[in-house]
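Think of it as A, B and C in the order they're written, each chain with its own count starting at 1.
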Amino acid sequence: MHRPSRTTALTALIASGTLALTACGGGSFNEKSDPAESGATGSGELNILVWTSSDAENDAVKSAVDAWSKDTGTKATVNVASDLVQQLSQGFAAGNPADVFYLGAEVFAGYAANGSLLAYADELSNADDFFPTLRDSFTYDGTFTCVPKDFSTLALIINTDAWAAAGLTDADIPTTWDQLKEVSAKLTTADQVGLTFGAEYQRIGAFFPQAGGAMTNDDGTTATVNSAENVEALTYVKGLLTDGVLKYPADIGAGWGGEAFGTGKAAMTIEGNWITGAMKTDYPDVKYRVVELPAGPAGKGTMQFTVCWGIAADSANQDAAKKLVEALTSTEQQLANAEAFGVMPSVQSAAADWKARYPDQAAFLDGADYAVGVVNAQGSADVISDFNAKLEALASTDPKAILDSVQTNLQAVLDANS
Amino acid sequence: MTTTSAASVAARGRSALPRPSRIRTDRSIVRRRVATSLTYAVLIAIAVVYIYPFLINVATSFKTDPDAAADPLSLVPATWSSAAYARLFLRSEFPVWFTNSVIVTICVTAGRVFLNSLAGYALARVDFRGRRVVFAGLVAVMAVPGVVLLIPKFLVINQLGIYDSYAGMIIPLLADAAGVFIMKNFFESIPRSVEEAAKIDGAGTFRTFWSIVLPMARPAVITLVILSFQGSWNELSHFIVSAQSPELMTLTKGVAQLASGALSQGNQYPLKLAAAAIMTIPVAVLFFVFQKRITNASTGAVKE
Amino acid sequence: MSTTTTARRRPRGSGLRGREAAAGWLFITPVLVILGLFLVLPVIMAAWVSVSDWTGRGSPFSGDVGFVGARNYRTLVAEGGLATQDFGTSIRNNAWYVVLVVPIQTAISLFLAVMVNRKVLRGRGFFRTAFYFPSVTSSVAITVLWLFLFSASGAVNKILSYLGAEGPNWFNDPRGVLHVTLSAIGIDQPAGALGAHGFLGITWWEWLAGPSFAMSALILMAIFTTSGTFMLLFIAALQNISGEVEEAALMDGTTGWQRFRYVTLPMLRPTLFTVLTLGLIGTWQVFDQIYTGTQGGPSKTTLTPAYLSYSASFNNGHWGQGAAIAFVLFALIVALTILQRFALRERNTVPRRKRFNQPPPAAGDTPPALPTSTGSQP
């Protein structure tokens, strides 16, 4: 009879149909997943994840990695993530993270706490060369975990053409808060605002040490966000906003302070070393100078940012990864990076060289003497992004209310950690 | 109907009734004409509001960056510039995104048509035990909102080992309870006599389905093709959670990241609008070709 | 189906019936497997993650992941910390979005449907196409376009400047629209209780802030893209209303408006219900537009529960919390749908106050339903 064979044929057809669809997904198009897989199976290939930055930085990292790859014969690929945090998180959850990746100081503690990171820093030959403050940013539970790849501080960037057009001279360079306000007012015209910087703690936080305040106490157990000094600092910034001499980049149609500065929408901006790379590539015609931030009532203050090269504990190529990181943080490589995209080397042996080569960026390195790092307690990332959200509405909110709310949140986080 | 009765009243009025009603009828004609012109005016105004943004989209993609910021409303660029398209095709991953979207959409559409028509036929016409339970299950499944599935789908895809692969992007999208319903409803409307004739001729279930009933279901299949194409071409959240490597990025995810500043830090509107314009072309073409069918389907695709 | 029974009983699973049953199961199995794997299993997994302390590494079902009961839910709803505030903010934002989008999009799609459906109209096809086209495009493409149109120096602000008004910096303005209007008439501070107490970590005063300008731009975008789909549903329903009913109403001497209100609208009730339900379910799940456009900013005024669920898990590693948010949202949507079904249900008896004659309520007979009051809304 035909019937039984028909049913079998039918079964076969449906099964093969479904399989064919899977093949549509599985087969020849799937070569891509191999590099990531092989990272886990130890065939020696390295997967490096970095975030989007200026073209200058991405190109510099890629060429450095390619050069190392050629020298050692280990294949290494650099992937530029559009959302590093999300991709890292997905990678860890999938059990298949990148081998080497950028890790910001703010999120470092979280990853160190859940065991995702390999504590390799002390094993590198140049472990003692890193600046002590940077070393502290990446020490968890007493262990120096990952090495800082470079660091930057904030300084005041001034458009020299706009400066001259407003009739200002070298003597007018602001060294106090009042002078900053005056100069910003003079530079504000119909098409150009005097001063701009991002609506975030990573910029506004520079004013807190200038007023004598800090986010936490020295050993990081108590939050001091709503101290009188911080309120004074935030009230000053709000004053600049309401006077119209300061505008956030988003309010003048720019994505960040550097874009607002480069396109001429603002005459001054507060940004870090990375702006020099962006200016060279994207806005080469704008002439500018870099000066230290003005001092507040309690003296000078600025913020310091650093990023480390994290190595995943799950990586199957730990030795190769360590060698790569050591090469990428060597003195020569760091000076080459500084040349390409303007960051400051994280190793002390390169400091004198750097200052000699880039005298016009000396203000950045001088800031390192009195710079404070970002809050890096575990779990503080949420509090900081909430702080940033509130700062966007600073012009219409009470500074003390904002700081009180952040104080409560940060204290809750610090309590949970202890 | 209203027109004819009113017109016949008017016609009668003119000959049979005294003068006052003729003035009344004349006035009602004028009133109706005014009302119609008003309707047209309102509709045209609203249509302009609905169409103009897309014209701006295309026009701006041919403008230069400063021109786009300075003159956002005009449909004619001050200087024609294809820089945005050049950047898009030559210096970004856009072609990869486009290819991936095409691959995924074709596979998903083919898969959905095949699987949904099979399942729909089984539910409509094949008598098997547990049919009602399965049907109730499908209804229940349709009630789960998509947002609940965002995280867990990632977890499941992960556990199954198909994360970051075409399989992970395509297979979960094949699950389409609504499509099963469309096919089921259609198959139920096909007269049983056709199938009974086939059975008498000795055809098995699959043969009946494949050679006889399915060809008759062309309208429903076309509807399914249109809905599946649109659904998978425009899908975003699934692609966010099912893959992360740049080689697998689809148009939706790529353009979304372009919009939040991935390619560069800056407001490059012509570039983003060019990407959006090209992304819209395939669905627009499909729409215009199958217009009548889409606008006549009462169970249209729902946009969230 | 079963033909005339024969004397002998056929054992199940053999012969024609059995083969058909096997074929039936075979046909439906692929769909069932896929739905089971990617719809049912995820829900179960999410439920487990929401009551566990999984940190994001390895499998959630592995041995070191512990059961923590309702801790994630409590952090979300009861504790008052940052997580509660974020959740409350997202619910507030989405609630305003729903309250504004659903009625307006229903009204506009009904209006368009009625306009386009008029018999005297030529070019009906053109108008239908024009109004439906935005619904066909991807939400990503439309969001990108909207970001441009509503930027600080964009088309919308240009038009507003022609009209003499200064448009706000739409996507970057975090002020709530209601707060702005209230402060324009002098009310800046919350009155006592409003500022002191709150719900889900947010004071009542902040609940009443209204959507921000950024959210308002998104609301306009939602109406723009969904009115076309619902317009089609209404057109289909309108065309199903038989012309005889309209003519009968015309004969009774009703005006156009009365006809619409007492005849057409009640007959559209099922479609109205569908549109409202779909609208509710869709608006509570806003995600694509937020991910593409504003990522919750400015100042968390476009944060929605769906986006919060995603960002808590994928960006911040709080997987349990993210899953908990998703389930709370699920419960909310189901509750609202049931509520809406209850509110709009067909009542078989005429409400007492609408009856024209009041026979004594005896003998269990209901008074005749008069045409003018059947099914009309109070």
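Just so it is clear, a contact is a pair of C-beta atoms (placed from the backbone, for glycine too) under 8 Å apart; a residue touches a chain by one contact, two chains touch by 3 or more.
Bear in mind the structure is a predicted one, so any value in this text is a computation, not a measurement.
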- A-B or B-C: which has the larger count of contacting C-beta pairs? B-C
- Farthest chain relative to chain B (centres taken as mean CA coordinates): A
- Item | Intercentroid distance (Cα basis), chain B paired with chain A, Å | 41
- Length of the line joining the C-alpha centres of chain B and chain C, rounded to whole Å: 18
- Residues of chain B engaged with two or more neighbouring chains: 69, 115, 118, 155, 171, 174, 204-206, 241, 260, 267
- Could you list the positions in chain A whose residues touch two or more of the other chains? 3, 7, 10, 14, 18, 83, 90, 93, 95, 253
- Touching two or more other chains - residues of chain C: 19, 22-23, 27, 30, 59, 151, 153, 313-314, 319
- In the complex of these two chains, what residues of chain C are touching chain A? 19, 22-23, 26-27, 29-30, 55-59, 81-82, 85-86, 151-153, 169, 172, 174-175, 296-300, 313-317, 319
- Note on the structure: As the complex stands, chain B meets chain A at residues 69, 103, 107, 110-111, 114-115, 118, 154-155, 158, 162-171, 174, 204-207, 241, 244-248, 257, 260-267
- Query: Residues of chain A touching chain B in their complex?
  - Reply: 3, 6-7, 10, 13-14, 17-18, 21-22, 24-26, 29-30, 32-33, 36, 52, 54-55, 79-80, 82-83, 87, 90-91, 93-96, 253-256, 258-259, 278, 282
- Task: Provide the residue numbers of chain A that touch chain C in the complex, in ascending order.
- Result: 3, 7, 10-11, 14, 18, 83, 85-86, 89-90, 92-93, 95, 110, 114-116, 248, 250-253, 381-383, 386, 389-390, 392-393, 396, 409, 412
- Message: Using the touch definition from the top, list the residues of chain B that touch chain C in their complex.
- Response: 1-3, 5, 36, 39-40, 42-43, 46-47, 50-51, 53-54, 56-57, 60, 68-70, 72-73, 115-116, 118-119, 121-123, 126-131, 134, 138, 141, 143-153, 155-156, 159-160, 171-172, 174-175, 177, 180, 204-206, 209, 230, 233-234, 236-237, 240-241, 251-252, 255-256, 258-260, 267, 269, 272-273, 275-277, 279-280, 283-284, 287-288, 291-292, 294-298, 300-304
